[in-house]
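Two complexes, one shared chain (chain A), two partners (chain B, chain C).
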Partner chain A sequence: MSEIKPTKKLDVRGLMCPMPVVKLSSAINEVKVGEVIEVLATDPGSLTDIPAWARKTGNEVLKIDKEGNVIKFYVKRLK
Partner chain B sequence: MSGENAGEEKSIVAIIVSKNSLDMAYPPLIIAQTAAAMGMEAHLFFTFWGLYLIKKGGAEKAKLPGFMKFFTGMMKKKMAKVGIKPLHEMIRDAKAMGVKFHACQMTMEVLGIKREDLIDEVDDVMGAASFLEIAEKAKVTLFI
Partner chain C sequence: MEATLNIPGKAINDKLLYYLDICARCGACSDACHFYVTTKEPPHAPAYRMELLRRIYRRQYTWSGKIFTKLFKTNGVGSGEFLEEFKKAAFECTGCRRCTVFCPFGIDMGAFVGLMRSMLYRAGRGNEILDMLADTAISKGEMIKELQETFAETIRNLEERLRKETGDPSFKIPVGVKGARILYVALAGEHSIIPAAKIFNKVGENWTLSLFEASNYGYFTGNIEKAKKIAERIVNEAKHLGVKTIVISECGHAYRVFKHLVPTWFSGFNFEVKSIVELVADYVREGKLEVEGKVVEEPITYHDPCQLARNGGVIEEPRMLLKLVAKDYRELTPSGEKNWCCGGGGGLVAIPELYELRMKAGKAKAEQIRRSGARIVATACENCKLQLNDLNRYYNLGLKITGVIDLVAEAI
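On to the complex of A and B.
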């Protein structure tokens, strides 16, 4: 896979369910279709919730990285 | 809002909110807000004690149930610490995301609550039949 270049960063560190998904659902509208948002989260629930949100809304989680207690998601807007 | 395919009908979540204690007030709001974020249509039907949550000032007064009420302040502090918003703010956010707020007509009569006593976020006042009309189409229905 070629290098992922996010056009927007969303910091939801310190926020719990449902805020990471709620914030992501509005942030996704601030990028164009095909662009990627980098999401920084600390809520362990977001590990399953953000992929579930993406499946339901038809967007794609390209990659998930964990650095310490911070979870990094690369989410591509598909529509 | 990012949603489902155009032309595809939105899936509906219909939740009956029957209690006004802090622990029972958060789950329906969190689920409704999440549903809206996932492109679903969320409806909350406030009945019996649940109606107090959409009475002006009611969400601010919500407490833990029974003797646990003495720990309400502590619980609120714990929730604020992890970034969970107070109930009245969550109601405002949910409304801004398109969650529908329905008040139970019968409960209003029983408790002597008038339309003007309800918060501005309330969309309408309805009875069981109107709620069932929505719930019948819903893929997810919950009683909380």
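On to the complex of A and C.
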């Protein structure tokens, strides 16, 4: 995969469900269609919540990385 | 902007008509509502919330309300201003039903507010965030096959970590076990899995962890169909695994939904429903779980989550557990079924623009905690914990907020 270049970083570390999804759904409106947000989370629930949110809202999770207990999502705005 | 708000015909029943008719405008409910006592805004007064609904009823269903529009104040119904007030009345309410306890006729404001939210939803004026969260939960149910592996892997990692932490190589967090006695429905984070898992392992319970989270944002949106879809994921899982008891983690509304609504939504629902707090209290009573002693030194109090205490009847169990682990347990005044709502329920903690209002609505709670002199506040609801943490910062209370089950798990 070519390198992903996020235009925005969203730090939701330490926040628990449902806040990561609430923050992401507002942050996605701050980037243009086609741009990517990098989300940093620590709540393991976000591993299933963020993909489910993306499917529902028609956006795309490009990649999920884990570093220690930090989970990184790369979310592309599709519409 | 205008919108047509209608009371659906099927919502008109004797109870609704009786309530609309019987209210004596005595105002006893106003002093009971944590919103109204601090804001003094009319749409926060319970009887006024009901008055807005009454106007719609008159305009829609009575000749007098259709003809004498000024006299019955039905002329404004449908205006943008009316809609704004109606939205405020419906969404700036935690559905705590404290007003109901103080009303001489026991008028059920929680039911009214549920109806008002559903009317807004049908008019395309629901709350977007709550709706998005409900849709995310439904979507998770639909794609569970894809997500199952990620979930299982997360749980395996957690299990591994807990084996090291507890020094118990046989420590288990079972997932998808057919024939387990208990299906434990946690929240989306490990914080609601770990303490329960420690207790289950200690007593040797035959349990399995649900793939889904207990919370149900469909319930808050006023769209009962969505609430049912969210709950159905867990009902199907319980049926598939053949469990006997569904145990809900520390989450007030999830308990209310599962204990009181779900059995009426699905035919053939024959599971026992318990809060984790009730279950752990059973373990102690039956001698299955021994607590090491009073490990909590600092003064501690308990905040009754409205949906668990006032609306669910779980009042004694958390107190019994806290008194086992704490040296200095203090009661809030008032407490139990008359306890002040913290101001975070009804889905409000998830709506960022309501933060300031939530802080105002939590003033009565903050003050009663301060008066108690407690340094630790335990509670048994996730929304309450989020709200209490916010109140703690906002009012500089210097508290530690924790769950009841967390403290028990630390003491075994």
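Brief remarks on what is shown
Operating definition for what follows: the second predicted complex is superposed on the first by the 79 of 79 C-alpha atoms of A that agree within 3 Å, B and C clash if a C-alpha of one lies under 4 Å from a C-alpha of the other, contacts with A are read in each partner's own complex, and residues count from 1 in each chain.
Just so we're on the same page, a residue touches a chain if its C-beta (ideal position, glycine included) is under 8 Å from a C-beta of that chain, and two chains touch if they have at least 3 such contacts.
Since the structure is predicted, the reported quantities are computational estimates derived from the model, not experimental observations.
Once the two complexes are overlaid on the shared chain, A:53 sits against chain B and chain C alike. Of the two partner chains, neither chain B nor chain C is touched by A:34. In the superposition on chain A, A:77 contacts chain B only, with no contact to chain C. In the superposition on chain A, contact of A:16 is made with both chain B and chain C. Once the two complexes are overlaid on the shared chain, A:25 sits against chain B and chain C alike. Contacts of A:44 after superposition: chain C is touched, whereas chain B is not reached. Across the two superposed structures, the residue set of chain A contacted by chain B and also by chain C is 16-19, 21-22, 25-26, 49, 52-53, 56-57.
For chain A in complex with chain B, the residues that touch the partner chain are 14-19, 21-22, 24-26, 28-29, 49, 52-53, 56-59, 77, 79. Chain C contributes residues 129, 132-133, 135-140, 142-143, 146-147, 150-151, 154, 158, 187-191, 213, 215, 217, 350, 352, 382, 386 to its touches with chain A in the complex. Residues 16-19, 21-22, 25-26, 43-49, 51-53, 55-57 of chain A touch chain C in their complex. For chain B in complex with chain A, the residues that touch the partner chain are 1-5, 30-31, 33-34, 36-40, 82-84, 93, 97.
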